[in-house]
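We call the chains A, B, C and D, going by the order they appear; numbering starts again at 1 in every chain.
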Amino acid sequence: MTPAQSYAKVRAHTEQICKPLKVEDYAMQPFSFGSPAKWHLAHTSWFFETFILKEHVKDYQIYDEKFPFYFNSYYQTLGERQQRDQRAWLTRPTVDEVYSYRTHIDEAMHQFLNGDLTEEIIGLLTIGLQHEQQHQELLLTDLKIGFSVQPFDVVYDTHPMIPDGEVLSNSSPEWIEVDAGLYEIGHDGDGFAFDNEYTRHKVYLESYQISNTPVTTGEFIEFIEAGGYENFKYWHDEAWHWLQDEGIKLPLYWEKDGDKYSQFTLSGRIPITGKEIMQHVSYYEAAAFAAWKGCRLPTEAEWEAANHMFSWGVVWEWTNSAYLPYPGYKKPEGAVGEYNGKFMVNQMVLRGSSIATSPNHSRPTYRNFFHTNLRWQFSGIRLAKDA
Amino acid sequence: MTPAQSYAKVRAHTEQICKPLKVEDYAMQPFSFGSPAKWHLAHTSWFFETFILKEHVKDYQIYDEKFPFYFNSYYQTLGERQQRDQRAWLTRPTVDEVYSYRTHIDEAMHQFLNGDLTEEIIGLLTIGLQHEQQHQELLLTDLKIGFSVQPFDVVYDTHPMIPDGEVLSNSSPEWIEVDAGLYEIGHDGDGFAFDNEYTRHKVYLESYQISNTPVTTGEFIEFIEAGGYENFKYWHDEAWHWLQDEGIKLPLYWEKDGDKYSQFTLSGRIPITGKEIMQHVSYYEAAAFAAWKGCRLPTEAEWEAANHMFSWGVVWEWTNSAYLPYPGYKKPEGAVGEYNGKFMVNQMVLRGSSIATSPNHSRPTYRNFFHTNLRWQFSGIRLAKDA
Amino acid sequence: MTPAQSYAKVRAHTEQICKPLKVEDYAMQPFSFGSPAKWHLAHTSWFFETFILKEHVKDYQIYDEKFPFYFNSYYQTLGERQQRDQRAWLTRPTVDEVYSYRTHIDEAMHQFLNGDLTEEIIGLLTIGLQHEQQHQELLLTDLKIGFSVQPFDVVYDTHPMIPDGEVLSNSSPEWIEVDAGLYEIGHDGDGFAFDNEYTRHKVYLESYQISNTPVTTGEFIEFIEAGGYENFKYWHDEAWHWLQDEGIKLPLYWEKDGDKYSQFTLSGRIPITGKEIMQHVSYYEAAAFAAWKGCRLPTEAEWEAANHMFSWGVVWEWTNSAYLPYPGYKKPEGAVGEYNGKFMVNQMVLRGSSIATSPNHSRPTYRNFFHTNLRWQFSGIRLAKDA
Amino acid sequence: MTPAQSYAKVRAHTEQICKPLKVEDYAMQPFSFGSPAKWHLAHTSWFFETFILKEHVKDYQIYDEKFPFYFNSYYQTLGERQQRDQRAWLTRPTVDEVYSYRTHIDEAMHQFLNGDLTEEIIGLLTIGLQHEQQHQELLLTDLKIGFSVQPFDVVYDTHPMIPDGEVLSNSSPEWIEVDAGLYEIGHDGDGFAFDNEYTRHKVYLESYQISNTPVTTGEFIEFIEAGGYENFKYWHDEAWHWLQDEGIKLPLYWEKDGDKYSQFTLSGRIPITGKEIMQHVSYYEAAAFAAWKGCRLPTEAEWEAANHMFSWGVVWEWTNSAYLPYPGYKKPEGAVGEYNGKFMVNQMVLRGSSIATSPNHSRPTYRNFFHTNLRWQFSGIRLAKDA
């Protein structure tokens, strides 16, 4: 594919995700950790305008001088911005106006991408497309939680583009043995990677075992029914307080009616059979489940060193590694330096990718990260233990 | 006018208010004390459906069984309801669907009102229309605050239906003298009144003076420039804490640029000339201003006893009376009893009416009430003092 | 009694109240609405030092320049002060040092009061003593709540100076009829009164009935057992939210064990027999109880107009009057003006006095006031109804 | 030393720390992260009573059945306990009673320790003593912050037992080079160590440089004066919000008056000369300082691998390692298992020890840990960088 074709394909996918929405649905922001769909649509366009068009197209005129304020996410280098938890306050620009903005950016980008492109431009384009793909996944998870708080089951799509809640585990759990020794992890520079995947470096691992398959809903139900949510000894101290403060007794989106469990999905509420791969757990829940099983979560190095020996890609998998810089990590200069480095504290790493991850947006070195209490991503559990 | 004509006229006025809105604007709810326009449109229809159609039309089918949950405001008698500060979470029903609901209710009401109507029905109809008129005023004030928090001046209407911020005072302030003696206040039963206006009763008033005209922006600017917002001695103790906690230094919607003051209105930001009647002050600010002037606010009895001697109707006027039951007040039975009585604590009474009050919705006995810190209504100040 | 004798007597009573305390108990401040005993002891002394010694004794030297900061309560006129909810942070001056401060003030006052005293001085002295008496009652109620939150029943005194929880009702409830007409309320200037009891003025009252006796624990238990705390229709809207938010199902200090009720008192936990006069209810609970009985609370004018026809003095009695200025009320100049006027918003008036009120500190015109959710005072209920 | 002698020595040291206190000072708890001195005194005794006397002394009678509730810190296994942020509510037992409790425990322990002791008992004794030493350091830091919030400089001791704020750096900063390679970290089992120091394991380190000396106040002043607290680019995103929310512009205990800096210490406020070793910084500040210097914090493995090449022991040194289990870590069974493991999330590791650390309570493998915003410990900065 040419750069222009890649660009067109990624951009179309974003709009495809929004296809089932009514105008009103574009404004959903029930929780401050998520954003309205309208904002995602505009922010991703602003990203191309700010980092490519404005910098590299001669005489380019900013589409609307107000948009940088509206649609900057967190780049302090780039000036003031709408407060995150007040993004839903913005009723203007309207959804139509945001689509016009996208069209304008797409036309300008199309023209630009059909010219001569330097390495640097290709690099920026790639970041822009990777960035938009990250927002595609967030769009799906933000929409899911937005629909879930409607008082009656309002459905994103009766046939959504991803098999939410429907991927069954296709193997019974077995332990993969990994020998102690020196391993290399991190990106080797072949193909795109984010700054946080560098530098590739050696780690020494003691021997360990890692499961060939993520935990299923059936296994998690055993934990629930064994009183897992009521027994402090499986939980971190702050996790236990979180359970009490929030009154949490089930995974996100789950309900229990008699002895039947169901979950809310992008196509509405569906029964849980026990065979599905578990999704939407917090780090706290993942760690507690592992403790109850007498196991633990793998570190990210353990995960990466063994990833070729198991299949992954249905859910992001919580690791027991904090999100910290690799040896030799360098924060890039300028606004792009705010992309990853400033979040490297008090979050945990997730590895792999999920059914909501966009096509061609996963690799074994990818380091996703979230706060330990968050569960609205498609996040699941893979067990490990000492050998 | 026939009942059906009255109904049609009031209902049309609500929709008239929404004319300038984009679909997205119907969802504005930046603060939990206000509601989205979509909700107002639906709630007022639900009121007719619940109290008239459902009760008095044979075989009437509820339009949608989910709507009572969505659109009940605070009637506990009528069951569970959407939490007030989460009304903006509802993206469905859509604006179009809400208009369809209104149309359905209007057709059913039209048919019903063209039949034989008992006294009781006329009574319920009147309450429903008065109720809708109250929401018309709230619609305007909720939209005003919703537009005001957009980061750039987005305008409700360049030629809004009401002269927001533009009514000038047409008389210089003079004191009206009122003699001590027994007065009667409260509604005498001639025409409609809410339950809280009953029973008409005697009050003894000491002699007092009351201003012939509300306070202007120019007078309020004198207060500001005399350091009124920085001097605790004019303020109630809790008002002083409110000022510090919220960082308040100006009336709502005001900005000061150099020595120029401007205010945000339904038609955007406009300069303040000093001649306008002051609007959007809290009780706290009204009382502090009065204290600075060496005056006080009138009680509601003083206001009512003298109201025929001055003109009112531009702003709701804060009184120094707490919102409490009149002697002989009876809370009606059933859901209608939740209309007024349960709010009779920790609020202050405002008298008169404002430019945003709907036609034919004001009378000298009307008791409006709000919490002492709220300022998004068209609320102003009339001074009084002991004789 | 000479002024010096009055002074000595009141001061001794304060120390009498603290007799049963250990040094540690002087620091109790579990809730920000109360204050540590040490603070009360010092603050009352500071009051005499600030308003009398410093102003009227030639060459008087402030005992310690830091004490005004420590022990000023809320007088903004008198400068910065320790934040109210951080009074317990102060471990110094120690209890011993505070007693030394009291001794110093007492000696200086004694010498001063044995000289020639002007009317003005007598007036200031009287305010100082009345003020100290108010703090005596607060001391008892602050100590009561401080002991109540100790995890095991720690007792203020096995034979406390007041019969906490033990005053039985000595008459069966009867209605006193009061005719409609003009009444005078407020203080006539004979003897001491606070500024808020002025000016005496006429009020017109419709005919009403008022109970000859306060509500008993037995009557309140009927309310509880009829589901009073679970039925929204008896409660103000904000009271209902208060119940839910705080999880309140019983009056303060009450516990229910099987079908037995008990209450925590200054002498520990004791059974409730049903005969005791009800104490420690909030305005919310008082109003809800009255609504359940088909009655209402009296206004303060109704209470005062009839007070000679019933006995009172066991509990402060909630009225349905907001704490607002009387006609002709003038806020005094200077710091003393902060005593009452600045609190005249969003509080309700209580009338009478309680078992914890100091001797000679009650009169029929006394206006006590608290926020509607507070219950740690000895506050009870007297019913009224329309005639 | 015999076990009984060790016990006596450690216990005496705790009481030594409390020597300068007035009774009132034992109740200080201005912030919920700290505890009152009285509580520390009792809790450490409860620890010996619970884990040794109660379990291993035949017919031992619990001193007071209420004390476990009062003085259990966070052991869920051992039942309900006083809420942490309400420890200051407890005025009883009094300070005297707590000392009596200590005496009782000491006598029982003395008798017990003079008998035959198994390995297990020695192990428990050692944990109890190490535990008490940890509380000795907390006592000093809790007292320091407690005295610091007194409105006027109240002093713990004019000649405190530790040289708070007075240790000067005795070497100019130089980089120590460390080669890449496999290192071993963690405790080898020789002498006491906490569970979190196990198991000793290999780590591969890239080559790096680490400073021979901690950062001084002079270096930190350069950061301040270069606008370090006002420039987002040195800070983690959540650190930047922390600065804004808390209004932080200086390290804890510092004040700036003109161009002079001073710090509050256990002996009161003293000038800062620029030569002192920097103390009382949060992880956020440590990381921001390092970023401003173009360096970084060492990981705990880097720190431990090089610790023999530099001197440490004045301040705890923040590392860039999250507090997570080592490979092979096993949480002990029972209550003791709550000691460390349940806190292994969202905290960062500090290495070394400080002037407030008790004698014989430090070793190169010790893993201290605190939340990233806390600064009331004697915590400082050592720089590292990639080779």
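FYI, a residue touches a chain if its C-beta (ideal position, glycine included) is under 8 Å from a C-beta of that chain, and two chains touch if they have at least 3 such contacts.
Everything numeric here is computed off the predicted structure, so don't read it as measured data.
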item: Set of chains adjacent to chain C and to chain D; value: none
item: Interchain centroid distance [CA atoms averaged], chain B/chain C, Å; value: 37
item: Separation of chain A from chain B, taking each centre as the mean of its C-alpha atoms, in whole Å; value: 45
item: Separation of mean Cα positions, chain C and chain A [Å, integer]; value: 58
item: Residue list for chain C, restricted to those that touch at least two other chains; value: none
item: Contacting chain pairs - touch in the sense defined above; value: A-B, A-D, B-C, C-D
item: Partner chain C, residues of chain B touching it in the complex; value: 74, 76-77, 182, 201-206, 208, 232-233, 235-240, 283-284, 287, 296, 320-322, 324-325, 327-328, 337, 342-346, 348, 372, 386
item: Partner chain D, residues of chain C touching it in the complex; value: 22-28, 30, 66, 69-70, 82, 86, 88-92, 94-95, 146, 149-152, 154
